[in-house]
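Each chain carries a letter (A, B, C, D, E and F) given by its place in the written order, and its residues are counted from 1.
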Amino acid sequence: MPTCVLDGPKIEDVEIKRTLVREITDALEKAYKLPRDAYIVLIKENKAENVGVGGTLILDREKS
Amino acid sequence: MPTCVLDGPKIEDVEIKRTLVREITDALEKAYKLPRDAYIVLIKENKAENVGVGGTLILDREKS
Amino acid sequence: MPTCVLDGPKIEDVEIKRTLVREITDALEKAYKLPRDAYIVLIKENKAENVGVGGTLILDREKS
Amino acid sequence: MPTCVLDGPKIEDVEIKRTLVREITDALEKAYKLPRDAYIVLIKENKAENVGVGGTLILDREKS
Amino acid sequence: MPTCVLDGPKIEDVEIKRTLVREITDALEKAYKLPRDAYIVLIKENKAENVGVGGTLILDREKS
Amino acid sequence: MPTCVLDGPKIEDVEIKRTLVREITDALEKAYKLPRDAYIVLIKENKAENVGVGGTLILDREKS
């Protein structure tokens, strides 16, 4: 605690995840002022057929 | 925003996901009256060994 | 199970919540084909100062 | 409803999931006093490259 | 990490929350075998007008 | 989409929320490379009697 749950598309490169988690934790630390080890970040990767925006699957948006 | 996160069993047929996302977005649009592109729907698919109902895994419920 | 969690702004009118829950459950029932009582819908209401879109709080977007 | 969503590392052994779901449902039942079938537990398994603690991926913590 | 998020009705008595959190953490500890301080439990309290079961608000179910 | 859901203690000062949302969105933008308006951040504020760490409510940890 605090926790941060991210839902987005797949991130292929672990280096990007590494930077993302570090930068989000930096932002959390400034806001909540708790010991750094308290912050948890979860990255959830979603398939394009499992996300709808504006009533249309991302899968179908990408095709058009 | 608004977002809708669905947790259920696996849906094999993408056409069912397509309809589900469209119909849920229709319902959200009527309730919140925001531009259609604002609505996000996430479908989360769960394995039968990762869901418990009444203290028993779905995996074991299906067997009995 | 299945569950549906909605995050949006406050809905003042309970009648709108009533319709929203019924219509979403209709959509879920068509997709998952489980007994109607299995479907759970949670409505989460968020204050404009607790939601950011595009890096800006909704609170500040509404002002401008 | 009530629902319980667990986010943790992968659990290899289904027997451990079986016990976990039963014990959590026991605890929920004592607290909420609803019929046992009302309780839903979802186990979410996360890869070590998708979880950050203290700004560092679990993947990298395990290496060091 | 691991985290456990509970969504249920309001719990009036803090003593019940105290017991609930302790018992769920006991169950998590047996399953994941991590240091006890790693486990986070969040209790989310929901109003009867914000939860639908079987397409009907709990608010309306309680009346009937 | 992508969405970021934060669960932490109450933040009294809106200016801190403003900065938090902007900095998290900056980090998301670098990672996902999507249009800035696509990113949604939700701040969830939790009472000390609704969060357990290591099996103990934050409420009780603060007292001791």
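We adopt the following convention: a residue touches a chain if its C-beta (ideal position, glycine included) is under 8 Å from a C-beta of that chain, and two chains touch if they have at least 3 such contacts.
What you see is a predicted model, and the numbers here were worked out from it, not measured in a lab.
S.K.: According to the touch definition, list the chains common to the neighbour sets of subunit C and subunit D.
M.R.: B, E
S.K.: What chains touch subunit B and also subunit C?
M.R.: Touching subunit B as well as subunit C, we find D, F.
S.K.: So subunit C and subunit E: same face meeting same face, with over half the numbers shared, or different?
M.R.: different
S.K.: What is the Cα-based rotation angle between copies subunit E and subunit F, on a 0 to 180° scale and rounded to a multiple of 5?
M.R.: The C-alpha superposition of subunit E onto subunit F needs 120 degrees.
S.K.: If contact pairs are compared by residue number, which of B-C, E-F or B-F agrees with C-D in over half of them?
M.R.: Comparing each option in B-C, E-F or B-F with C-D, the repeat is B-F.
S.K.: Report which of B-F and C-F is connected by more C-beta pairs in contact.
M.R.: C-F
S.K.: Could you please state the distance in Å, as a whole number, between where the Cα atoms of subunit A are centred and where those of subunit D are centred?
M.R.: Those two chain centres are 19 Å apart.
S.K.: Just curious, how far off is subunit E from subunit D if you go by their C-alpha centres, in Å?
M.R.: The separation of the two C-alpha centroids amounts to 13 Å.
S.K.: What positions in subunit E touch 2 or more of the other chains?
M.R.: 1, 3, 5, 7, 17, 24, 26, 40, 42, 51, 53
S.K.: How do the chains pair up in terms of touching? List each pair.
M.R.: All chain pairs meeting the touch criterion are A-B, A-D, A-E, A-F, B-C, B-D, B-F, C-D, C-E, C-F, D-E, E-F.
S.K.: Considering the complex alone, what residue numbers of subunit A touch subunit E?
M.R.: On the subunit A side, the touching residues are 1, 3, 40, 42.
S.K.: Can you list the subunit F residues touching subunit A in their complex?
M.R.: Result: residues 1-9, 11, 16-17, 19-20, 23-24, 26-28, 30-32, 51, 53, 58 of subunit F touch subunit A.
S.K.: Any idea which subunit B residues touch subunit A in the complex?
M.R.: 5, 14, 17-18, 21-22, 24-26, 29, 36-45
S.K.: Using the touch definition up top, name the residues of subunit A that touch subunit B in the complex.
M.R.: The touching residues are 7, 46, 49-57, 59-60.
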